[in-house]
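Report on the structure given below.
Going by the order they are written in, the chains are A, B, C, D, E and F; count residues from 1 in each one.
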Amino acid sequence: MVHRLKIIIPINNDSLNEITAKELLPLESRDFELDIHNLTSGPNFIENRFSDYIAHPALIDAATAAEEEGYSGIFVDCFTDPAVDIMREMVDMPVVGAFLPAVLTASSLCQRYSIITVLPEVVPIYEQLSRESGIRGSVVSIRNIGTHVADLGDSENLVENLFTQCLAAVEEGAQGVVLGCTGMLGVTDFLRQRLLDNGFSIPVINPTKCGVAMLMALVRQGLTHSRITYPRHSP
Amino acid sequence: MVHRLKIIIPINNDSLNEITAKELLPLESRDFELDIHNLTSGPNFIENRFSDYIAHPALIDAATAAEEEGYSGIFVDCFTDPAVDIMREMVDMPVVGAFLPAVLTASSLCQRYSIITVLPEVVPIYEQLSRESGIRGSVVSIRNIGTHVADLGDSENLVENLFTQCLAAVEEGAQGVVLGCTGMLGVTDFLRQRLLDNGFSIPVINPTKCGVAMLMALVRQGLTHSRITYPRHSP
Amino acid sequence: MVHRLKIIIPINNDSLNEITAKELLPLESRDFELDIHNLTSGPNFIENRFSDYIAHPALIDAATAAEEEGYSGIFVDCFTDPAVDIMREMVDMPVVGAFLPAVLTASSLCQRYSIITVLPEVVPIYEQLSRESGIRGSVVSIRNIGTHVADLGDSENLVENLFTQCLAAVEEGAQGVVLGCTGMLGVTDFLRQRLLDNGFSIPVINPTKCGVAMLMALVRQGLTHSRITYPRHSP
Amino acid sequence: MVHRLKIIIPINNDSLNEITAKELLPLESRDFELDIHNLTSGPNFIENRFSDYIAHPALIDAATAAEEEGYSGIFVDCFTDPAVDIMREMVDMPVVGAFLPAVLTASSLCQRYSIITVLPEVVPIYEQLSRESGIRGSVVSIRNIGTHVADLGDSENLVENLFTQCLAAVEEGAQGVVLGCTGMLGVTDFLRQRLLDNGFSIPVINPTKCGVAMLMALVRQGLTHSRITYPRHSP
Amino acid sequence: MVHRLKIIIPINNDSLNEITAKELLPLESRDFELDIHNLTSGPNFIENRFSDYIAHPALIDAATAAEEEGYSGIFVDCFTDPAVDIMREMVDMPVVGAFLPAVLTASSLCQRYSIITVLPEVVPIYEQLSRESGIRGSVVSIRNIGTHVADLGDSENLVENLFTQCLAAVEEGAQGVVLGCTGMLGVTDFLRQRLLDNGFSIPVINPTKCGVAMLMALVRQGLTHSRITYPRHSP
Amino acid sequence: MVHRLKIIIPINNDSLNEITAKELLPLESRDFELDIHNLTSGPNFIENRFSDYIAHPALIDAATAAEEEGYSGIFVDCFTDPAVDIMREMVDMPVVGAFLPAVLTASSLCQRYSIITVLPEVVPIYEQLSRESGIRGSVVSIRNIGTHVADLGDSENLVENLFTQCLAAVEEGAQGVVLGCTGMLGVTDFLRQRLLDNGFSIPVINPTKCGVAMLMALVRQGLTHSRITYPRHSP
């Protein structure tokens, strides 16, 4: 049996579709079909609470459509987990964002870790999500590289900036790092290698991969969210 | 490419091998080969810290052997996560026990959950693991059914006992439950149905499946534990 | 100088306007003008995350309008604090919801308290807000009276149901209670008296009054939210 | 109706009376009369636990007198909250100190904040109060400017010293600051402007104003402390 | 060398001196001389914050006198730890109360424990001390037997009341109990036996013994409190 | 009556026996006989989880033998508390390691403290023990001096390295320090003096002394671990 997963990049353009597909190649499995979609409305990029909110209408529509389309699970490919809580109220299949799977995976591989995100403006969003999810005590720091999502395409620069923040995080006590933006694509292996070359063998958690991998794990196990936590609601 | 996973049931007999294999059928994937082993020495069952410790020598041997045998990951199929920390010092491939993947998966599906285990004697072990892993604040309670591992085979009885404890847990505020013993096999779907029939649509987390599913997720992503947390040690 | 406060009841009808105005009479001050509005679009009532979200567009419009209208502060009169975080990104004047002022006020009068809300369906929302705001450790329990917002009008019944839950909360260790819905109007004094008659002299926190009172306190002090936490965003 | 509030500066001299009255001007309301008193016995200044204790007898006398004098509430104008717990046992009207209202107000405007106080000697007192009040997790740091209370009068110097510590606090992750001494008078607006000029738009919480504002909020709502937390005691 | 320890029962009568001396017999050591004193002023008994405060002047006098009298350490024999923080500012020798040594000892013997005290009125004091000392997460509950300190003399009744509360505590998850009043004398062994006879082999922590034992441990090691936490102050 | 305490240095050589005996001289009491043993098998030194585990068999044998040998208590003289949990399952007398007594003693003398250990490799072990024991919130940092246990013999160098780390810890907010290795012998007084000479009067907690002192306190009081936490197990 093949499970179809709906992967939604919650921005109004397809600029990340191909590179995201490439990032997910290592997760390819004959048991899963990964369909990547962007939104036709919503924000250019999500860099604050308002643009996160702007993505909600199309995300909620996509969720309710997914049931009819026969999907087995939904991955909202953004580190702010936009609308995930609302979508869980509306569908029975598992819905995951990128934040929660990433930090829980980090919790499985080390005791304390840092999140490295794009801009200071989004740091409070991850402070909030860290508190909500109950893992705040394991987060050493939420650092940023001072780069807009639109400018993440320069891979070499991105790896260097991430590397600099990783060193600062390790200095503070981090034993692993979570990349805090799903637009940080194509760099995990290079960053991991850069760290290894400098004597740091620590996990570098990629939230896009983590989200899909956790969704696959849930689907295989027939697990979905609690209806006590997310009571069923039909729009 | 097919990844081989070494699944070790850390008891000195094969009483759980077949039923464990059956439990894992839904996780079958053409990308993974699951090899199930028991130990030839060690405890009959793990029901306290001493029997957990008795399993260590054979587990550590199995870990170092796994590297030569070409495995991609190790799952220690017991809810006390016996020797997992030590094994992580000794091998580079990911090693997971059953406890941590199960509670982290619960954290991804609801806010607060209870663990339901076999005997009062093991409750303090899970209190300890909950504290260590940083998720204690999400654990409503650690309940037990008052049954020895050796007596878990009576499925009907087991489902009823678990159901009773689930109701008590929900009453206390649990939004999901984690089965707190990897010997609680063949009952998850029945228990889930029993709860649904009574109006409770909550996740029932099976630690055996969760452990293997998380290991698969790690292996696919090329992730392993931090060498800051688990410095390399050769025996 | 008279400060004008914009009080928004985030539902699509005026069923609560008058009774809310009456509830706020004790807060009347010649220094403040309280303008109460409902929304012209949005939900009938907020009883889950989806209906909370349905109120967002009109709330965000109301916030940006408030700056031009010369208001000094905004109170979103709902215990789920709908869109408050987003509105804070968009205006410089203070914006408060009902949840946070209520629980912080409770924290100033006793060590541990319970929240008593309408329905089990909203309990997880308050679990989430409690965690986010950092006061989860002071919340003994989040109880409910099993009544829809639409049915809160029967004051006598409401007082009795709240009283029953208050007793249960005190039994669990609560030293005060927070009414967990801004539709629980016209009952605080009766409930307080009912408790006193039974020997319990504990604070009964009314979230509508608390929200307006805290907003008045902020406005008088010239305080508003941090731009590090809520970076300015213009739509 | 006009409520009279008794404001007690718990030192044995009137050196802060006038400047405190001036600080409170923005809170003036025709509904409240603010009576400012110092003690005729007690410490010169409170800079450790012993001098805090020295203020207790006169504070307790002032509290019991306040009932006969017809006051509606008491504000103990010191950041160590001296004798507040004891006074709450003895009177029915609300009694607040400066610490708790200030940190709770900070909690309402940002996620994480620092306290900036006078001397290293009092830092452990605020560590203790932070733990007691349950908001320790939101306190980034408790910093000091190395100045005795008696030397706070040099406003220009004070603003500079506070500014330096504010920058250090923001660097550590603070999103707002609480002035940790009620003798830091006449500087809040200058400090706020100094921060704004340097690009930091963060709340600067003044504990004197916060305490009175919260007391006014409680009195207007008819709220007072829990008798479970503070059982009634007649001397 | 013989160390002299000053044991102060902070009440204005000698009703507990003899029975306290008897309680401490098992701690007798040729290396220590235990001098038991009551106060000549202060409260009859400590059952709230006010009577705790009433003991302060004489306690502080006793502390400063102890230095001249050649004592090596001070034990304030009351579970509210009255004036201990202030006394630590004033003397260099170690000063301990009964609360902190008792709960820390409990933390060394089990994971989670309950405190069983005399009256509901003092429960919030122990909630406060539990939070201050950082061990709140290990306290299952703070229960009481509804008995005034003056009525603790009926040992048989006391054992029965404590036994009832112990059972309730264990039912809630306690693995040990701390007697929450230094007036609960002469009953620990009987209570321990009563529990054993019913199948509960749990530590019953006696705060009087614990306090003296920890003081002896500190004195033997030459340890005393931190001057960063308790800056030196001369009256 | 004289109590005999079995002190086990869990390494396979007697290199630390004499110097440990010397360290314990200040604890000498005519009521206790301290018997110091090393293991005949096990690790050279404990510097990771594997070498900790290597000490288990001999430690467990030593525990069960201690009952027959008439000992009153066991001290496992290592800061990783090796096998202590297992040994508690097997004997009725109190068993303590060095970690828990040391941090609990620190908690009795200051609010926040740092642990200073030998190598970065063992830091995660103390992070784990700090979490387990519930005192993580009081630990400012876990620092190390970058020295192998085998090289701790150079006292002068050791004092200097510890002093450097102490200064860094105090800078971070520590009010006291715990020496994080039982091989740091003969230096506590020198380090304490070095700190005093530089104006820092803070407790320097020696884990070897603390462990024996706490064991003596438990034995004198007739206290031992809870059988709910550590159910009795016979090998």
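Methods note: a contact is a pair of C-beta atoms (placed from the backbone, for glycine too) under 8 Å apart; a residue touches a chain by one contact, two chains touch by 3 or more.
Because the structure is predicted, anything quoted here is derived from the model rather than measured.
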item	value
Chains touching both subunit A and subunit D	C, F
Distance-maximising chain from subunit A - centres being C-alpha averages	E
Chain whose average C-alpha position is farthest from subunit B's own	D
Distance between chain centroids, defined by C-alpha means - subunit B, subunit C (Å)	43
Rounded Å distance, subunit A centre to subunit C centre (Cα mean)	32
Residue numbers of subunit B (touch at least two other chains)	111, 124, 128, 131, 134, 137, 175, 228-229
Topology of the chain contact graph, where touching chains are joined (line, ring, star, complete, other)	other
Full enumeration of touching chain pairs	A-B, A-C, A-D, A-F, B-C, B-E, B-F, C-D, C-E, D-E, D-F, E-F
Contact footprint of subunit B on subunit C as seen in their complex	124, 127-128, 131, 136, 141
Subunit D residues within the subunit A interface of the complex	111-112, 137, 173, 175
Subunit D residues touching subunit C - in the complex, by the definition given at the top	26-27, 29-31, 94, 96, 100-101, 104-105, 107-111, 133-135, 137-138, 170, 175-176, 189, 200-203, 205-206, 209-210, 213-214, 216-218, 220-229
Complex contact set, residues of subunit D against subunit E	48-51, 53, 56, 60, 83, 85-86, 89-90, 120-121, 124, 128, 131-132, 134, 228-231, 233, 235
